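Let me begin by handing over the structure; questions about it come next.
First chain written, first letter: the chains are A, B, C and D, and each begins at residue 1.
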Amino acid sequence: MENQSKEFILQLEKSERLRQSIRAVSLEMESATLLMQSSLLLVHQSRPVPEVLEKAKVQIDVLKGLFHRLAEILQECRGQYYRYHGDWRSETQMVVSKLAFMHWLETGNLLMHKEAEEKLGLDSSEFFLDIEDYLIGICFMSNELPRYVVNRVIAEDYDFTIKVVKFLRDLYVAFRMLNLRNDFLRKKFDGIKYDLTKVEEVYYNVKIRGLITSGDSSQDLGMQT
Amino acid sequence: MENQSKEFILQLEKSERLRQSIRAVSLEMESATLLMQSSLLLVHQSRPVPEVLEKAKVQIDVLKGLFHRLAEILQECRGQYYRYHGDWRSETQMVVSKLAFMHWLETGNLLMHKEAEEKLGLDSSEFFLDIEDYLIGICFMSNELPRYVVNRVIAEDYDFTIKVVKFLRDLYVAFRMLNLRNDFLRKKFDGIKYDLTKVEEVYYNVKIRGLITSGDSSQDLGMQT
Amino acid sequence: MENQSKEFILQLEKSERLRQSIRAVSLEMESATLLMQSSLLLVHQSRPVPEVLEKAKVQIDVLKGLFHRLAEILQECRGQYYRYHGDWRSETQMVVSKLAFMHWLETGNLLMHKEAEEKLGLDSSEFFLDIEDYLIGICFMSNELPRYVVNRVIAEDYDFTIKVVKFLRDLYVAFRMLNLRNDFLRKKFDGIKYDLTKVEEVYYNVKIRGLITSGDSSQDLGMQT
Amino acid sequence: MENQSKEFILQLEKSERLRQSIRAVSLEMESATLLMQSSLLLVHQSRPVPEVLEKAKVQIDVLKGLFHRLAEILQECRGQYYRYHGDWRSETQMVVSKLAFMHWLETGNLLMHKEAEEKLGLDSSEFFLDIEDYLIGICFMSNELPRYVVNRVIAEDYDFTIKVVKFLRDLYVAFRMLNLRNDFLRKKFDGIKYDLTKVEEVYYNVKIRGLITSGDSSQDLGMQT
């Protein structure tokens, strides 16, 4: 009984030490993401997008460094990625949501799972971006869009509403295809539908007042969905 | 054991007596704040602001007197401000929120921490306004603004919406800078984002209908902050 | 976006399929454990221990087969033991608690972690018995002892109480050494103290009535551990 | 607004830093108290009291050092003892309960508030032992006694029961005199009544069987309460 206890103490302490290192890293992740978020906020106040992105991008390297540290910590316990996953997953979801928002501001496209992994330097088969974390991050990103589209209209950028409606419709269709079974994800996915409805209302308000200038855009929008 | 008990009885009774005096004062604070609030409510019904403020200001002197009484009670137990803090803090937060709302109605600016202390006669280093109480009070004040802006639009005061959007954006940015760790404060701070989003939506509705008269204001809003 | 969705659908479906297979196995585990439990219950009714154990042991082979099936399922997703762990862990804890009770009835000793793994055929490094699951199982086993000791006294087997007190004291000391950080485990461990106190009370009642026959046993109890 | 934010950031960070230092110390307090507790446990197994106490006392110096560190941290924020009190109070209550149990084992008397302060080196007027924390610690100590008395009887030390009954009766009367208003303390105090009842039952069982040897003790006990 005593020998067994001694062995357990060693193992439980090792596990506790790992957990503490992981938590220290995820605290730093949270902090870097908040800094990124503070920069991104200015996009709602019509600051030029490139300027806003430049500042926010500084944190990507910080985050890359943190994920590298996390990967190193996890090498001490091969095959136990999911044992400690709960200690960094919500922070990772936040990181994905900010990266996806930045990517969309820059390219108008959805940040792919592979691209998110590349940005964070997650290239090994041992340490990767869990698909559910990626999907939840994308849902959080979608939640930013209604506010953003309202502020674009305030800044008299009416045509922009079309882009957002298109993007969210595609995203909604893509998520629906996934036929999600996970309850948490399903609930977050319902949020996309809510965001889409709000964005469509903004577009309808703009459209009905004849504020859309680009001739064929509305038909275009009508056809695709 | 008996001697100790006797001493404890004295101390516990003293502490209980203090607590009762403090509670009596904070009950009166609550009552004065409610009177202030009843006057301020009329601002939503488009009563002239100076008239509304005049009535509400009467209570400031009452509150000043009450904080003076509280300071006197706390002099009996130097260095124990935070021991009894829980017994007046939520009342103080309410006081701050009303004072800040009045100050904003009058000047268009945020009531500073120092200014709030001055208004309440808190000049000593022994009795002061706790920073977290001040910040929570400001969050409560922000919660009043969406309703107020809606009522300004009802009163056809469309241009006013710009001021509120600007004020809340500045407030939101200032709070974000604080990098709050206190969970309660963080939650209240999320409320500011919600208020801001609602106020932006009101502005957007007014804007889209061409109801804003001041020519350059929208660009102004876009550029600044 | 579409390619990514297709890949996700494949992966999410694979994961869902795995989860369903695992749940099917853990349902069968639960069922086998209940059968084991029904046999073991008779021990409280003073049925001869060897007879009771013989019936209960039949289920060990069934469980061994189920753990083998689980191991095979998990080979499809190497390194993801902890991803699905939540789907079989409470069943495993129950299995451990029954095995440990049987082992104690048979030998008077604590079932060691290694012994539990052997009984269940968990010999590989890929599929093993998580230490925390083992410890929680032992806590559940301890919860059975107060009732058992009461029933031994009813059956006029007074001296038996000493054995249980000794066993639980050793177990309690061993657990305390572990310095547990996990909240759930700590709470379960508090249960052992409660069991020990109850068992000590039974022993005390028997002792005080002069029902203990073995002359030196009480001193023995006092001196040791 | 910006200047105010800068000042707030400094103050909030200072407060957060203080809180983290305090938490680090109270974590070490918890750990030292657990070590003390592990040693004290052996008293239930009839290990000689002096031997048990000697081992447990090693931790008193550790705790004294930790309270000294805490006092130093609090000197950075004079007059704010109660601001951070919540971060070390439950640990302090545990410390008091163990010290009081040890003192009682050694002397048969209640550890006085002043004595507890001395043991922990709390001699200044700035850093002291809060009376409520002391009282709650004493309640926790009382909770240990029913189990201890049962184990004394198991070890055939019957006369000891009288001492415990007397001690708990005195303690109960002393607490009743305090006329407690604090809900948490009152609830803990109800626990003393429960402990007393259990201890009285043990005494009654021992008495009724004629196991008490000291002639006049029972009358003695009868007179005093």
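The criterion applied here is as follows: a residue touches a chain if its C-beta (ideal position, glycine included) is under 8 Å from a C-beta of that chain, and two chains touch if they have at least 3 such contacts.
Owing to the predicted nature of the structure, the values given are computational and were not obtained by experimental measurement.
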item	value
Remotest chain, subunit A as reference, centres from CA atoms	D
Separation of mean Cα positions, subunit B and subunit A [Å, integer]	35
Separation of mean Cα positions, subunit C and subunit A [Å, integer]	42
Approximate Å spacing (C-alpha centroids) for the pair subunit B, subunit C	57
Touching two or more other chains - residue numbers and ranges from subunit C	177, 179
Touching chain combinations (by label order)	A-B, A-C, B-D, C-D
Sites on subunit D touched by subunit C in the complex	31, 34, 37-38, 41-42, 44-46, 146-147, 150-151, 153-156, 202, 205-206, 209, 211
List of subunit B residues in touch with subunit A within their complex	165, 169, 172-173, 176-177, 179, 197, 200-201, 203-205, 207-209, 218, 221-225
Complex contacts: residues of subunit B adjacent to subunit D	1-2, 4-5, 8-9, 11-12, 16, 78-83, 85, 110, 112-113, 126, 131, 135, 170, 174, 177-181
